[in-house]
Amino acid sequence: MSHNSFGHLFRVTTWGESHGEAIGAVVDGCPPGIAVSLSTIQAHMDRRRPGQSRFTTQRREADKVRILSGVFEDENTGGSVTTGTPISLLIENTDQRSKDYSEIKDKYRPSHADFTYHQKYGVRDYRGGGRASARETAARVAAGAIARLVIPKVVIRASLVQIGPHKIDYDRFDWDQVDKNPFFCADAASVPKWESFLDSVRKQGSSAGAIIEVVAEHVPVGWGAPIYGKLSADLAAAMMSINAVKGVEIGAGMGSAELGGVENADEMRAGNTGPDFTSNNAGGILGGITNGDPVVVRFAVKPTSSITTPRQSVTTANRDTEIVTKGRHDPCVGIRAVPIGEAMMACVLADHFLRHRAQTGREAGIGFS
Amino acid sequence: MSHNSFGHLFRVTTWGESHGEAIGAVVDGCPPGIAVSLSTIQAHMDRRRPGQSRFTTQRREADKVRILSGVFEDENTGGSVTTGTPISLLIENTDQRSKDYSEIKDKYRPSHADFTYHQKYGVRDYRGGGRASARETAARVAAGAIARLVIPKVVIRASLVQIGPHKIDYDRFDWDQVDKNPFFCADAASVPKWESFLDSVRKQGSSAGAIIEVVAEHVPVGWGAPIYGKLSADLAAAMMSINAVKGVEIGAGMGSAELGGVENADEMRAGNTGPDFTSNNAGGILGGITNGDPVVVRFAVKPTSSITTPRQSVTTANRDTEIVTKGRHDPCVGIRAVPIGEAMMACVLADHFLRHRAQTGREAGIGFS
Amino acid sequence: MSHNSFGHLFRVTTWGESHGEAIGAVVDGCPPGIAVSLSTIQAHMDRRRPGQSRFTTQRREADKVRILSGVFEDENTGGSVTTGTPISLLIENTDQRSKDYSEIKDKYRPSHADFTYHQKYGVRDYRGGGRASARETAARVAAGAIARLVIPKVVIRASLVQIGPHKIDYDRFDWDQVDKNPFFCADAASVPKWESFLDSVRKQGSSAGAIIEVVAEHVPVGWGAPIYGKLSADLAAAMMSINAVKGVEIGAGMGSAELGGVENADEMRAGNTGPDFTSNNAGGILGGITNGDPVVVRFAVKPTSSITTPRQSVTTANRDTEIVTKGRHDPCVGIRAVPIGEAMMACVLADHFLRHRAQTGREAGIGFS
Amino acid sequence: MSHNSFGHLFRVTTWGESHGEAIGAVVDGCPPGIAVSLSTIQAHMDRRRPGQSRFTTQRREADKVRILSGVFEDENTGGSVTTGTPISLLIENTDQRSKDYSEIKDKYRPSHADFTYHQKYGVRDYRGGGRASARETAARVAAGAIARLVIPKVVIRASLVQIGPHKIDYDRFDWDQVDKNPFFCADAASVPKWESFLDSVRKQGSSAGAIIEVVAEHVPVGWGAPIYGKLSADLAAAMMSINAVKGVEIGAGMGSAELGGVENADEMRAGNTGPDFTSNNAGGILGGITNGDPVVVRFAVKPTSSITTPRQSVTTANRDTEIVTKGRHDPCVGIRAVPIGEAMMACVLADHFLRHRAQTGREAGIGFS
């Protein structure tokens, strides 16, 4: 058991505080012989990196990843490959402004982990949220980049599908749009609406929540496991472990409560290599095991708790006070959660791929002959 | 790693198929010296037991629990107490009607785990869902009854809050109603509506989804953990591991996407023993750690996949077919999920209580002096 | 983490006390589709079963195993195969004589776990050692019988190689002798010596220690793992977890301290399918990973602590007393440890086979082309 | 499960290769509020550091530890304390001479992990043993230094007690000698003998094995656990996980096979706060749980496999060859294993302390009132 590790066979351990020297991840259990390049990892880092638009925190971090172990020259190709030993990834913190936080050293931000960390541990690194900072998620993205290499045929993408009350129109859903706007939004027409909405939210000294949808395509039938090892349970934990997440849905999600059994049934028709499904209310998972359809997960991110509108709070001595959070904060942390959601999906699937291979000796289901 | 185990320090392993000889659970890591009586466990079993109203399966199971180990006479009181060694709980299956299933031996039920288990393992116990049956959850309820004894001050209750499109009115929410109707519903006025709704659903050969809300009160500040050990992540996994669950929410849940940072902030005022919160959008959890407010979780259960309306499917040889599921099924599996949700909450909290005590040596937060 | 579970992917959880209703094991993670018959398991149980000679306890236990889950008819052969779900194994206790123990209820047996269990938990099942009884190992043997089926090509055998000061002569080592004498001894000439030695030990009211050697042949190159996942580390834990074991050796073992690097080197010569080793000081393991040579483990079992010679002790109230242990005890618990050592070897190897397959996708090393 | 992690609640994950940029450890689960200083950790590092006498490798490594996370200023004292979040420790590699290894790139060193790593993973970092290098143990010593702080009352010391055939005389055992000679030897009179023995071994182009004894004093009664969680099993795994270790003993160890039950019995006499033991054949552990006596572990380290005497081997293409290992190697790796053994003892005990506190809420046994 380890509070800072995730996964069983593809196992990621992260460490580091927002305003410490560095943060990092150790990836253990990665299969050997996988070609890894820093640039591939960096490309994912760059998508999550702060300061890329006015809608994310203005903290400037290069987020350059260093690989300290677990990779060596391949004896045949001479390129860098994983060796099967732990891959240590390190990202230096370069733009800490810890002074911004001295004011909140003795106060708790409402809806922030300040209070609970302090009560749990009796000591907290108050600078920038310390370990509770979204900065920790940079390490997840680095690990997720490696996880993708373990399951190269699986395509994992995500889109922001809602900011505040404004949902995208799924009829306009186009994956190609995602990297063309600052919101990772698959619906181009939503972008200007969200821009003006977020601008107004910020003017009001507030912040906004969001919903992210992550989709994994070309996942074989048979990954996942029953009961407590359900793929859906691990995905739920993975997404809920991201800062500020308050809800997770698979397929029809919370809305499946409103469906009748007749509509909910994803009917099956014989396809070329096995059954095809006429719908995907299951979100690709039945009984905790993949059915070959895309795995679809949505999660909700609450609005940033660090806001400039004064809120009632207490001091660390339990005296009434008021608090206004300065520092550089994302007006909508949900935006940068998009690549993080992808990374968590990648880690969970890579782990379940290995788990499935362990127990069955196969990389997929038994298939139809 | 174990697909059929749950929890780290309070660890529950379940086993058994729907139509095997018996099912059971092994509870490991339970603190010693806790008074346990069969009748306490049985009371919880009886709430989940099938066949208690026309709205649940007509399978008749006594669900009598036997304790085979881990409990011994206390040297002082002579009563039965836990010894700190594993508690083996066994429940015999007495009312299997395996013939009901011979017809579906060669067909997959849409939206059921039939297809995915078969593809994953190449063999499945098709009788009544085998391991994927809701019958497995009886073992969870037995384990949950013991978990409650580990954290006796915590009060865990649940209510069905939605069936199909019909939500309860929270203004009428009354915990005392929950055990007075066949739906575990805290809103008495919803009961007749739900009865007629479910009767009509069944007449149509369909089934209904539902949402359950589980609330844990008197949970101390400081339980839970950061990052991947978040209490919220473990609760999400716990609820998503229950059969047919497709969504999990903590506090404001998916709806937190629509809140602004100003409204979402659970403001704090100095109380007698620490801060009081003016609202609970957090659902009692900040940064994965409890804040002293009630822990509030909701989860959605999809409609039963075994229905009498014919649905398109394929055979195990990938030929088109049609399927009608007979057997004795719950028209709304969400109903019996109420005590199961309570059991999972109890298991997660008991585990986190021990984890917190391990790391800090305290049973709660540092408090305010 | 679970004190009563062993293994990671092939995971065994045992439960039960010496004088409770039953004991048992849950085997999780077993690959699906493996033919299992009760008689195969029972054959291993019968070797460990007490009361088979005058050199083991006279407690009479049928040790009949029941399989309660995880096994179902194969769709092709109709025979029983594993389904990939947890296999629950149950063994009833039938010959408890708890009265024998009332006398020691308030005293601690020197060199027994009585004192430490009581201090740790504050309560103990004093009847027959409770959970600390060697009776728990029956569940291990049942699990080990299944583990063997996971790695059918591996041949696992063990022999008692020393009782008290009397060692076997390795020049006479013959596996065929093992099941022909009450000591599981591969050296027939040692049998009469041990018989007279043990008879005299018993007459003196004492007991004897022993050393067991377990050998696994046909283990492929490449199983195991580096660092904390070393096969040797897991074997050491496995053997040390058996009651009364105080030492574990791999290959040259403790004696390797006396070897020079020149002699210790297991030199290599090119063989048909890879290198052959000219010696096996490594005990088949280098850097925690198998090298293709037989895996050789030895472990020492201390003499039974329950003896009829009076020993100084204290009461549970910390008063000086003297104790004589009646009841039915093995004069040399090491004898029955032979099949237990085999079972632990099987469990460890099955687990590492799955772990290797998970990470590499292969069942062995890369080989030589 | 993680091959590069150790411990359950006090959990150490190490990473890094001998000739990579750096090596390191992440310590998760450490209790908060523990004062930590770099100099305390460094003191332990310096004892293991290579190049301190002619009897260890001449590689020069400063072994300076950096703490990258998990430590922050205490709000009261202003000193550095653990925060309860993961402690990342990094040690740079500064004196790699990878050229030394180009010659063995295509050959396997007999009795080295070269062959098995290559077969398992299909790729290996051949420079200096890569991950299999004893260099990894520097990270263990750093982690062990923190573990000691978690259990400050426990005194952990170790001594080399045998090199080659030369054992110390226990009658001259004096802990104060350990840090006064290059062998960490508690028997001053053995030092000159070992010096001349090792010098002659080296002249012969060979190397020597050794035995280390680790003793933990003031361990409370009640730590540890039954069955697979036995303290003895975890210690066995811990020591066997150290490079080149082939045997582990607790208390009387392998020699307990030769004891009769009468002599082996550690008799008990009522002491002031509980029973005193008249002997310690148990090595402080009964049934896997501490009895209050010193915990005594011994382990054997085989002779260094990298020697200058030519040995028969094969190439990576399975062709016969001969090998001579240059590079800078310890003539007796057992010497530097002394602080490593201490570190592993500290990690295991810290972990079991937390596990005991989790389950019982106490820091020791129930005691005698």
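Going in written order, the chains are labelled A, B, C and D, and every chain counts its residues from 1.
By definition in this document, contacts are C-beta pairs under 8 Å (C-beta built on N, C-alpha and C of every residue); 3 or more make two chains touch, one makes a residue touch a chain.
Please read these numbers as outputs of a predicted model, since none were measured by experiment.
Engineer: Please identify the chain with the largest separation between its CA centroid and the CA centroid of subunit A.
Structural biologist: C
Engineer: Across the interfaces B-D and C-D, which one involves more C-beta pairs in contact?
Structural biologist: C-D
Engineer: Approximately how many whole Å separate the CA-defined centres of subunit B and subunit C?
Structural biologist: The computed centroid separation for subunit B versus subunit C comes out at 38 Å.
Engineer: Once you find the CA centre of subunit C and the CA centre of subunit D, what distance in Å lies between them?
Structural biologist: 26
Engineer: Any idea how many Å lie between the Cα centroids of subunit B and subunit D?
Structural biologist: Centre separation, subunit B to subunit D: 44 Å.
Engineer: Among all residues of subunit C, which ones touch two or more of the remaining chains?
Structural biologist: 1-5, 8-9, 14, 29, 32, 84-85, 120-122, 131, 226, 355, 360
Engineer: Subunit C touches which residues of subunit A in the complex?
Structural biologist: 1, 9, 29-32, 84-85, 226, 354-355, 357-361, 363
Engineer: Spell out the residues on subunit D that touch subunit A in their complex, using ranges where they run on.
Structural biologist: Within the complex, subunit D touches subunit A at residues 1-5, 8-9, 11, 13-17, 20-24, 26, 28-29, 32-33, 66, 68-70, 72, 74-75, 81-88, 90, 120-125, 130-131.
Engineer: Which subunit C residues qualify as touching subunit D in the complex?
Structural biologist: 1-6, 8-9, 14, 108, 110-113, 115-122, 131-132, 136, 162-165, 201, 204-211, 221-230, 232-241, 243, 245-262, 264-271, 274-275, 278, 281-283, 285-291, 298, 300-305, 307, 309, 311-314, 317-320, 334, 355-356, 360, 364-368
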